[in-house]
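A, B, C and D label the chains in the order they appear, each numbered from 1.
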Amino acid sequence: MSEGIKEHCGLFGVYGHKEAARLTYLGLYALQHRGEESAGIASFDGNSVYSHKGMGLVSDVFDEEKVSRLGGHVAIGHVRYSTTGSTTLKNAQPVLVDYSRGTVAIGHNGNLVNGAILRAELEARGAIFQTTLDSETIIHLLARPEHKNFEESLVFALKQIKGAFSLVIMKEDQLIGVRDPHGWRPLCLGRLGGAYILASETCALDLIEAEFVRELEPGEVLFINKKGPRSIKPFGESKRVAHCIFEQIYFARPDSYIFGESVHLVRQKLGHRLAQEHPVNADLVIPVPDSGTPAALGLSHESSIPLEMGIIRNHYIGRTFIQPLQHIRDFGVKVKLNPIRELLKGKRVIVVDDSIVRGTTSKARIKKLFQAGAKEIHMRISCPPIKYPCFYGIDFPTRKELIAANNSIEDIRKFLGVTTLGYLSVEGLLSCVSCPKNYCTACFTGDYPVPFGGEANKFATEYKGY
Amino acid sequence: MSEGIKEHCGLFGVYGHKEAARLTYLGLYALQHRGEESAGIASFDGNSVYSHKGMGLVSDVFDEEKVSRLGGHVAIGHVRYSTTGSTTLKNAQPVLVDYSRGTVAIGHNGNLVNGAILRAELEARGAIFQTTLDSETIIHLLARPEHKNFEESLVFALKQIKGAFSLVIMKEDQLIGVRDPHGWRPLCLGRLGGAYILASETCALDLIEAEFVRELEPGEVLFINKKGPRSIKPFGESKRVAHCIFEQIYFARPDSYIFGESVHLVRQKLGHRLAQEHPVNADLVIPVPDSGTPAALGLSHESSIPLEMGIIRNHYIGRTFIQPLQHIRDFGVKVKLNPIRELLKGKRVIVVDDSIVRGTTSKARIKKLFQAGAKEIHMRISCPPIKYPCFYGIDFPTRKELIAANNSIEDIRKFLGVTTLGYLSVEGLLSCVSCPKNYCTACFTGDYPVPFGGEANKFATEYKGY
Amino acid sequence: MSEGIKEHCGLFGVYGHKEAARLTYLGLYALQHRGEESAGIASFDGNSVYSHKGMGLVSDVFDEEKVSRLGGHVAIGHVRYSTTGSTTLKNAQPVLVDYSRGTVAIGHNGNLVNGAILRAELEARGAIFQTTLDSETIIHLLARPEHKNFEESLVFALKQIKGAFSLVIMKEDQLIGVRDPHGWRPLCLGRLGGAYILASETCALDLIEAEFVRELEPGEVLFINKKGPRSIKPFGESKRVAHCIFEQIYFARPDSYIFGESVHLVRQKLGHRLAQEHPVNADLVIPVPDSGTPAALGLSHESSIPLEMGIIRNHYIGRTFIQPLQHIRDFGVKVKLNPIRELLKGKRVIVVDDSIVRGTTSKARIKKLFQAGAKEIHMRISCPPIKYPCFYGIDFPTRKELIAANNSIEDIRKFLGVTTLGYLSVEGLLSCVSCPKNYCTACFTGDYPVPFGGEANKFATEYKGY
Amino acid sequence: MSEGIKEHCGLFGVYGHKEAARLTYLGLYALQHRGEESAGIASFDGNSVYSHKGMGLVSDVFDEEKVSRLGGHVAIGHVRYSTTGSTTLKNAQPVLVDYSRGTVAIGHNGNLVNGAILRAELEARGAIFQTTLDSETIIHLLARPEHKNFEESLVFALKQIKGAFSLVIMKEDQLIGVRDPHGWRPLCLGRLGGAYILASETCALDLIEAEFVRELEPGEVLFINKKGPRSIKPFGESKRVAHCIFEQIYFARPDSYIFGESVHLVRQKLGHRLAQEHPVNADLVIPVPDSGTPAALGLSHESSIPLEMGIIRNHYIGRTFIQPLQHIRDFGVKVKLNPIRELLKGKRVIVVDDSIVRGTTSKARIKKLFQAGAKEIHMRISCPPIKYPCFYGIDFPTRKELIAANNSIEDIRKFLGVTTLGYLSVEGLLSCVSCPKNYCTACFTGDYPVPFGGEANKFATEYKGY
């Protein structure tokens, strides 16, 4: 249910290319699915730092003239949804500041569990905050005066922060990539001729025809400058690796390769496993497009029940859509997806979706499918019931709103009005990835790799700018 | 190849609903795929006529305030690509004029084969033209003073024009739908409570939850006013019916029902037949998304070769995309579609697409698939080779540019670099629709249902405004 | 009171300059005071005609890219207020059409008194109208098929129309300037190197450094093409010349030279004469800026009472001003003009303005001046009482709203709340121009040079587009 | 020469009005001449802080919807030119931050002479800077943790900063106005019913019909909350008062009352004195509009040489003006001002302007006046030669570019090409204000009231964002 979950951010960085900002623009374009609310690029040409940020899609924020003005051979870029911090221009990233060691720009993907505490401590020491972003907190830590050099101060800052953080940092003539020791969020390294690239997902490397080198390791800090790349691992003995399983289930683009595997193939396996765990006699398998498609394919292959594209998605949906007439209920569902009656009429249908969050959107879709003539609807979900909030960057609603946190499967089935309902088991889910112990499944199990202090409210400290 | 072919226009009309313009806005939204270049709505409230038109997508052209100002219970709307007439605001439809009988607004889908001649004749009689649209020509005919009443003058005008024309007309308190006697372009009637709806495709009825009543018949002129609907058939003895086969192959949305059948099901049958006509041993079937997907499904079902979504489509592509770096060749292809290496590596792949126009886009895609590791690529096209231009509204390039007009299948195969290449036969194509004789296949066969005078140049009479 | 009266339009044309459209842009900029609602340019490069129009100021409608696209050595441009026809994009000029003799573009300044009749006649013959502009009517007449050549058809059209019309016409490689036989509206000829320029006012020639050659004569039709300029006088025996006296009083820019004299000097003479006709003892003369300034100077010089700039004008006023708080009465007056207390306190003040239309704005200003401390206010108006509507292009309100049409001078004085009130006499007004008999003073006297049929309603035939 | 000098900023604040933000919008509108580059408002409703800022004029940045969202009874607003800090959105004010004591917003008019040093010190202690504004520096000082309460921390901060600063501060439910102990920049207090208003100039009070109470005193800090206003004077023994004389000469609106007198009357006196210091026989006095007009009036009255408005100003000039043709030299001058030939021809003319900065604009204007026929041109400048840069907020160019810093009066006369040239003397200038010792005249004399460390470069610490 893309409606219910928002990914945080996409990161991109370039070192050593004369069109660094333009490559970054293209990279952000390929990462647009990771954040549609704002986009920004900062660049450096050896003398000056340039930046531009704005609200909206990459193609809204940048035009030829704006990209042209972002000179230099180093650049970082960012697309975001709000996880911490409300949706306003001041919260667009990268955050760019001057401090005693010069100028630094940071883009962050993830969520700090101790962000509010650090902020309170920093404020107590006299810090002022102009955004509600974790990135600004990280820079404040970085700017603490007691360190010998930039690297030492960066390591100090990174050791203070807890939670999920993949970072791209531009410190004048240096590009730095960071993954937190748990490795929650992806970040990979690529090469394009003599230039180095950092990107959240490999699909961004593909677009600019860069070669995929490797993923950064959990806990790795990679410095790239004119001498080439150099890695350090400042976080001491290794922590439990905790890749976000939802990147595999829903967030990442299916053509990306992350956490050591093809996202599309993982999703197909989820479908195979789902067929095994919840077999049913049916005439058709139909995906909720586009996110349910890979699992539906797997389920269809495994069960030998033919796949049909029984729901058509309207790809013109934009942000400025005018409110519909009162009489059209569930309009948000209808405008995006339309079932094909001729396919569904009188059929026993397996509908495959990636997840259920609140359940209201699914309910509306199911109703439409029955109206279109389906005789039975067997809903299959390619992940387990989502019962717990995420403190590492996924914008699930509160527990109160998570349907699976408060209801039995049977209750959910009744609420949705489906004939049968099958969720993938946690074991089933983990059996589809090559290194199951390296994943965080806290949203399903409540087993949080890093503890947190109370249910964080992302608006807690915030004023309402717009 | 969606790049190579442009559909003309989408039509929508409402009679008898207090939010006629808002319904029209929604209808145009659902018909956006039929025309992305301009959008317009005209409405009537019993006293005044209102209108708004603009360049771009429906969601760009209209906002809440603009829709709110379009008062009244009658409305017509239009989305367009340029087929005749260049892409400028003055050529946006509906065309709205004052003349001796009051005010009339017209939206046109199709192309007149005698448009240039009629225009020359009208100009010789003193007519002036402010657009390069067929719609304006039709209104000039309508405004000829020698007739008793509006209906007589409309019939007179319709009898003068030759070629493809589905029309929605608003004549103050009356909504009129017209289909030319050959029935080239679709137009259907729906009901929403007490209101009547006209729409190019049924998917627009679905969105507003209107009930589908029937398609207008070829040669039918349907008057709708406060007394309800009334039909006339002014074109005399029936002509050869000539539905545009390309509506089934590519133009219409797969969730629409046109020319008596489900578009999606027709496209699936094309895939079945394609499998029969060009069998091949392979590991995977992959569609060129999204237009190749239904035929790929059919081909996969028929051949029992598993379908895989091996190419991912980026749906964020907008019009304002910044030109990429020089070094990225075939960028237009890459930014839209990205293959999944892990699926393709070492595989024999059947790639299914709906059509080939110039061949250059297909060639670039094939190259990417081989680079992604495909061992063999068997290209299957769900229509016959396009050899002849269309004079009824499809914006094919000139014969010189149509690859199949000038090359043998083997030459095309070599040009594309594929292992094998199979086009669907004309017989095969027609076997997939229920009434084969009722279709125009001139683009494949050169058998034109209505003759035309020389290769029309859509820019012939035109000045360059913008 | 600039609030009450709107000028019609400004015209500009270029023949024989490689940057014709850019010069036209600059010319329209200098003529912006003649029309702030829409702007447009059409140009011709020997092969193609280009055009762009939009709502708003010249600087809003055009940017570098848009001007660059308007290629060619011939161009005409237009700025407008609505006099006939409402304020919508479709009514922006120049009107550009194709007809049997090719392409023609026309810009019109003035108002036809037989426009509605001609339109009805044309519609009865089958003409269709897409705008509510007189220009479109003129083109319909021009397109009548019975003539041998363009010149003959133009002469025919010009002989049909009655009322006020200065025209610039682009007929492919030809620029034509026309003034009606009464010479209501100005139009002048200039040279810039080898190029010829037409402009409503000489201030537009000044800006582009063109040399002022002469004003077109009433009834003159001036053809300019590669052979140079050629004049004809098709209107037969000379009619009564009737220059609009309001161009001298208020419309034209004071740095322009029109109807044979310097506008600024005429306005100063009005002030001298006003001092003679209505002498009064006072401490200060203050103008209502900016339009009252020249007459105030003249009055000050004549009376030897010192001029003071006692009211400051805010020049940032734009169209998008947000509605003020309820409690601020007469906000429209306040936001534009603010009196200087220290100057006015305890003083007997002569306030000079160019005209009074409804009286409400003047009343609000007078109140502010008394609040600022003025002891006596002697209002002096540099034109006679406006009692009659204008049918030749000035957008006065209806007679009902014209305060002087319905009230004695003493009543007006009481309404305004001034100590004394003095209007210039018609004789006094005419004594300030060199050729008094050549002016139309119908708005003061009711003596209309060309009769009209009933009180025209500019919205009579109009639908409401926007 | 308004081209050469830019004022810094305009300030406005409201406490205790339910439409605080709307009043602030109107106040900024009246103060627009003090800053055209950006505008911003922050407001507080008892619970939340709201803000909106943008580049451009007040009417571009705000619309009805944006103003409506700025809820609350407290608001501050700011318009700015860049003096410190380049022209980018991040440098728009008010600056709004969260810190340990809550939320604070600050708008600043002036320039700190120790801004760079304070910034360096703060950075050395770990502060990070997201803008290049003095306001951010002030907030960092304010946020230092060692103080008991807000008032104590504010006083601490104010004592650290040196130079010119008028401030409006919103600390949640409190509005604070501050003037530095030298009183460089104006700030006044007004009342509107029960509400209190702060404004840079009284013209902003006039627009909203607030009553002028008094100017804040140099060194005064005025706290306004629900208990009413309360003043403190934290800067100890009184410093030399140093009002900016250029506010009187050029910056302030003539209808404002600042530093104890009417700006318009001061400017008129400058003209009187100029006539006494540099008498000359001439036919006319003409001002360079609009800023030269009051002094020209004074000079005309004193010399009994008649004033004429011989140069017309085009008020449509916007920011987006398209670059003119190459062949039009001095276009920037021409598009703004056009002389009236008929007035100037053969005349001996006294031209009055407020100042000369680089001299290039004046030279171009003089040339135009001679071309328009002037026989002699006697240039009179209503201030002394500008020889020294300003470190308190005026954006003069560097000394190298100041024509009077490097040339004798006779050299300047030759450069401009005028017949005679007369500057007002420093004594003459000071004789026109009631308390001469209370003014800073450093730009004429080099006598700087507060020392500074080297020629400050406003771009010194800055990165180039846009």
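Rule of thumb we're sticking to: a residue touches a chain if its C-beta (ideal position, glycine included) is under 8 Å from a C-beta of that chain, and two chains touch if they have at least 3 such contacts.
Here the structure is a predicted model, which means the values were calculated and not measured.
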Per the touch definition, the chains contacting both subunit C and subunit D are none
On a CA-centroid basis, which chain has its centre farthest from subunit C's? A
For subunit B and subunit C, what's the span in angstrom between their mean Cα positions? 48
Could you grab the centroid distance between subunit A and subunit B? Build each centroid from C-alpha atoms only and quote it in angstrom. 37
From the mean C-alpha coordinate of subunit A to that of subunit C, what's the distance rounded to whole Å? 60
In subunit A, the residues touching two or more other chains are none
Residue set of subunit B touching subunit C in the complex reads 48-52, 69, 89, 95-100, 103, 120, 123-130, 132, 136, 139-140, 143-145, 461, 463-466
Residues on subunit C engaged by subunit D in the complex (per definition of touch): 19, 22-23, 25-26, 29-30, 32-33, 57-60, 62-64, 67, 203, 206-209, 253-255, 257, 262, 264-265, 290, 293-294, 297, 301, 306-309, 312, 314-316, 318, 320-325, 327-328, 334-335, 338-343
